[in-house]
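Paired with subunit B in one complex and with subunit C in the other, subunit A is shared by the two complexes that follow.
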Partner chain A sequence: MRVTVKLFATFRKGRFDMEVRIVPPGSTVSRIVEDARVPESEIGILLVNGRHSNRMRELADGDTVAIFPLVGGG
Partner chain B sequence: MEDLRVNLLTHAQGDLLPWAAQVAAAKRFQLRLGQVEEAALELGLMPSRYQRNRQTLSVSEQLKLFRSRVVILGVGGLGGYLVEELARLGTGTLVVVDPDTFEEHNLNRQILASPANLGVPKVDAAVERVGIVNPAVRVIPVRATFSRENGGDLFSGADAVVDALDTVTARMELAHACRDMGIPMVHGAIAGWYGQMATQMPGEDISRHIYPSGKEQRGVETRLGNPAFTPAVVASLQVAEVCKILLGQGRCLNGRMLFLNLLDMEFLDMEFDEAPIASGAAPGDPG
Partner chain C sequence: MDKILRVDMGAKGGPKFRTEPVGEFAGLGGRAMTTAIISREVHPLCHPLGAENKLVIAPGSLSGTAAAMSGRISVGCKSPLTGGIKESNAGGQAAQVLARLGYAAIVLEGKPEGDDLYKIFINKDGVEVSVDNSLKNLPNYPLIEKLKGQYSDRAAYMTIGTAGEMKLLAASIACTDPEKRPTRHCGRGGTGAVMGAKRVKAIILDDTGLKMRPPKDPEKFKDANRRFVEGLRKHPITGEGLPAYGTNVLTNVLNEAGAYPTNNFRAGRFEDAAKISGEVLAELEVKRGGLATHGCHRGCVIQCSGVYVDKDGKYVTKQPEYETVWAHGGNCGIADLDVIARLDFLDDNFGVDTMDTGAAVGVAMEAGLIPFGDGPGAIRLVEEIGKGTPLGRILGCGAAVTGKVFGVERVPVCKGQAMAAYDPRSVMGIGVTYATSPMGADHTAGYSVGPNILKSGGDLDPHKPEGQVEMSRNLQIATAAVDSTGMCLFIAFPLLDLPETFVALLDMISAFHGVTTTGDDVTALGKSILKMERDFNTRAGFTKHDDRLPRFFLKEPIPPHNITFQVTDDDLDTVFNW
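Take a look at the complex of A and B:
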């Protein structure tokens, strides 16, 4: 199935802004995160189709996953 | 007090009360500038310093702001601008909480930091600044680190709490404390060109939405630092939220969050997957 992956902020550097990935049916958000090779400790928010999601969520064909870095400074 | 009212009405210019008249009245009746301000607003007089707040704010709304108490947690990059803007807005009481003193690496972005006050407690600089900018505003400095233990005392009587902290753990504890006390809280965080903000209303808990993992203490700001403009942008958005909360106006950023990317000028408004409900409470459960 096809899943669109969007990276934000720092994650774009040396990677991509947006790409379409072909992944096996039943793949979870975790699989997409691993594929994108963003540092685990830097991951903040994850969105599926524009809404907050968790890593265990199973994706469907045509879904869009967005990955944001953790922002905590004051 | 009747004499004070007569005095203020006598010295008003139209429905505006000039600053000099406010200061003279405080001196004559041996009152704090804030007490004179409240009396003027009760009479329907707008202190002249707020005249450009109109038509955005009416006299009665200005009075509402004057009677409000806002707690600012952290007086660093975000916190300095929060103090400046909330004081200029005319928020009557500001409780400022921070354990730190100014250091040289604060100078690039923290509006209250200057070479002259390196080593000075940040909360003391906040008191001094507000004394210069808007002395009618009362500032209560608390040189301490926020924790679940002192949250109850710090937030007592607060109408809103603003998150300008710098660790994920403290921010999540703050969200929990505000949820437990039923106080609106405005979250803001920055890293380099990027920032995020969200508002938590009573009955909500946004902690797992803003920091889903909750495992890391700090974010990418440890690598990126923070330039001069990012705290100013995010703090200003937080003040707009606080203003709306205090006045009960507009549409606040709850049930969703904003992610700012100033490098590409993208502002993303993201809805939470479900309404942020306090743990233990069922949706629709009153209280």
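Take a look at the complex of A and C:
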């Protein structure tokens, strides 16, 4: 199945901004995080289709996963 | 900071000033000071632009010391925009300099007759109030250019642009940064109009020959400040994200979360948001020879600002803040950083709040004056403000007035003040703050975006009403206290996430004053400020019905999550029950 992966801020350095990944059905968010080589401990915000999510969530075809470090401003 | 300067602008024979001991206001700083003076001395039913209103300028209680991040200055008055009490604070150099001069507050009172325009100069030798009609009609940048040749290199300036002179309701008070650019504004609530009504164009503060304010216990203070800075550097938000990308790092986050108000709050996602994101902004600044990392005042260790230059490397404006990039960008369907930077410059130059101005342009687009996405059209509209045309004066009075004049229903304001870059339907926690803050819609008054979206300082589901009232209450209390110290609000991220950094701040306050300060003292201070502000607003005629969002937030679901604001009125009425 196809999953769109978006990385932001410092996570883009040496990686990518956005990629479409083909992953086996039943894959979880963790799989995407591992594939993208993002250090788990540095993740601040994880969104699947614009909703906060945890790493155990099973993904569906067409999902978008957005991964941010801890960021703030305002 | 043991004295208060009172300038009676309306005195017979011309303005008269007197310096008096700080007296009953001793120990107060920033918002605690402005709120205490306004609530005690200003008639709540006065006309905000009349002689009865006062403009109070107060450095934070830690300003002027060696404490990192202590450079916020508070300005308070009865707001001409909201009709309620107002405290608006800004960075820049003014807080540090005014505090070293020893003033806990400057209070501008009365109102002169006639057309003369005044400037007030303060240094270690005293105070000078003089007529300077050559400053009339000068926007902030040329005004500072003209003034800075006349004063010491150390001087800091607080000024109004043309919008303040015209007493427009969104007029700001500009504070100069370390490079003497008028880029840091007390933007919210029309404080610039009150300064304009008092006919004061510029306050020049010069601390030549003066030293930092000494702590009671220098060793403990130094150690606490070291631990405090360590926390700021260690936390990813203040140590990494803000210095690298600035506040605009939030564009992508809010947009991904479907909470980015687009085209005047019609949608929660802007398809071109990536083009104006903090990541792109920082890259462009570096590529063009600007700066992606810059502090708004000396002593700032976060350095969330920057310098935006054009394609030829020429200065345009400071790095536009997230709220500005949103207000003039996604909120108006505009995805061109050069257009947004130009608008930021125009706002700073004329001296208007970027949020209320951007929201006013969005409302004007909704009304059909120009289409959404029309960058050159947005620039033309904001230029009207500088010209003082009838249309410009309407826009310069903010979103609420613009909506009324043009018959628009979707106007994103509370108590007459425009919301910021977070839709209250998809970030319900910030909706509680917008609705209930005594300031009107003010995201900084209780930044529930932290626990709702950023997962800093807690973890609440942004799409559910549960827990939002309590979160907003606690954040509003904490913020009122932080706003009194002169500390930049961004310290709240490490403060809420790292217990040892909160302890370091308490230790620093204790060492400075020589009196032990606890977390309970901080909470009590915050509560006392909110209580005074709520009481003033009640006396000014506000009721619980003013603590509400505009009805369209309850009726129109916002895509992509298609939700409405769900915190009940009864729950909103409990925010200040503690």
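Everything below uses one rule, namely that the second predicted complex is superposed on the first by the 70 of 74 C-alpha atoms of A that agree within 3 Å, B and C clash if a C-alpha of one lies under 4 Å from a C-alpha of the other, contacts with A are read in each partner's own complex, and residues count from 1 in each chain.
Note that in this section contacts are C-beta pairs under 8 Å (C-beta built on N, C-alpha and C of every residue); 3 or more make two chains touch, one makes a residue touch a chain.
Please read these numbers as outputs of a predicted model, since none were measured by experiment.
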When the two structures are superposed on subunit A, do subunit B and subunit C clash or fit side by side? clash
Which of the two partners, first being subunit B and second being subunit C, lies in contact with A:60: first, second, both, or neither? neither
Touch test for A:20: subunit B only (first), subunit C only (second), both, or neither? neither
Return first, second, both or neither, reflecting whether A:52 touches subunit B, subunit C, both chains, or no partner chain. both
Let me test your reading of the model: by the given contact rule, A:8 touches which partner, first (subunit B), second (subunit C), both or neither? both
Going by the contact rule set out at the top, does A:41 touch subunit B (first), subunit C (second), both, or neither? first
When the two structures are overlaid on chain A, which partner does A:71 contact: first (subunit B), second (subunit C), both, or neither? both
In the superposed model, identify the part of subunit C that clashes with subunit B, out of 127-135, 487-495 or 559-567. 487-495
Can you pull the subunit A residues that subunit B and subunit C both touch? 8-10, 42, 44-45, 47, 50-52, 68-74
Touching residues of subunit B toward subunit A in the complex: what are they? 74, 76-79, 163-168, 171, 188-196, 209-213, 215-221, 223-224, 226, 231, 257, 259, 261, 263, 266, 268, 270-273
Of all residues in subunit C, which touch subunit A in the complex? 235-238, 240-242, 244-250, 252-253, 256-258, 269, 278-279, 304, 321-323, 420, 443-444, 447, 449-450, 453-456, 461-463, 489-490, 493, 560-561
Note which residues of subunit A are touching subunit C in the complex, please. 6, 8-10, 12, 42, 44-45, 47, 50-52, 66, 68-74
Any idea which subunit A residues touch subunit B in the complex? 8-10, 41-47, 50-54, 68-74
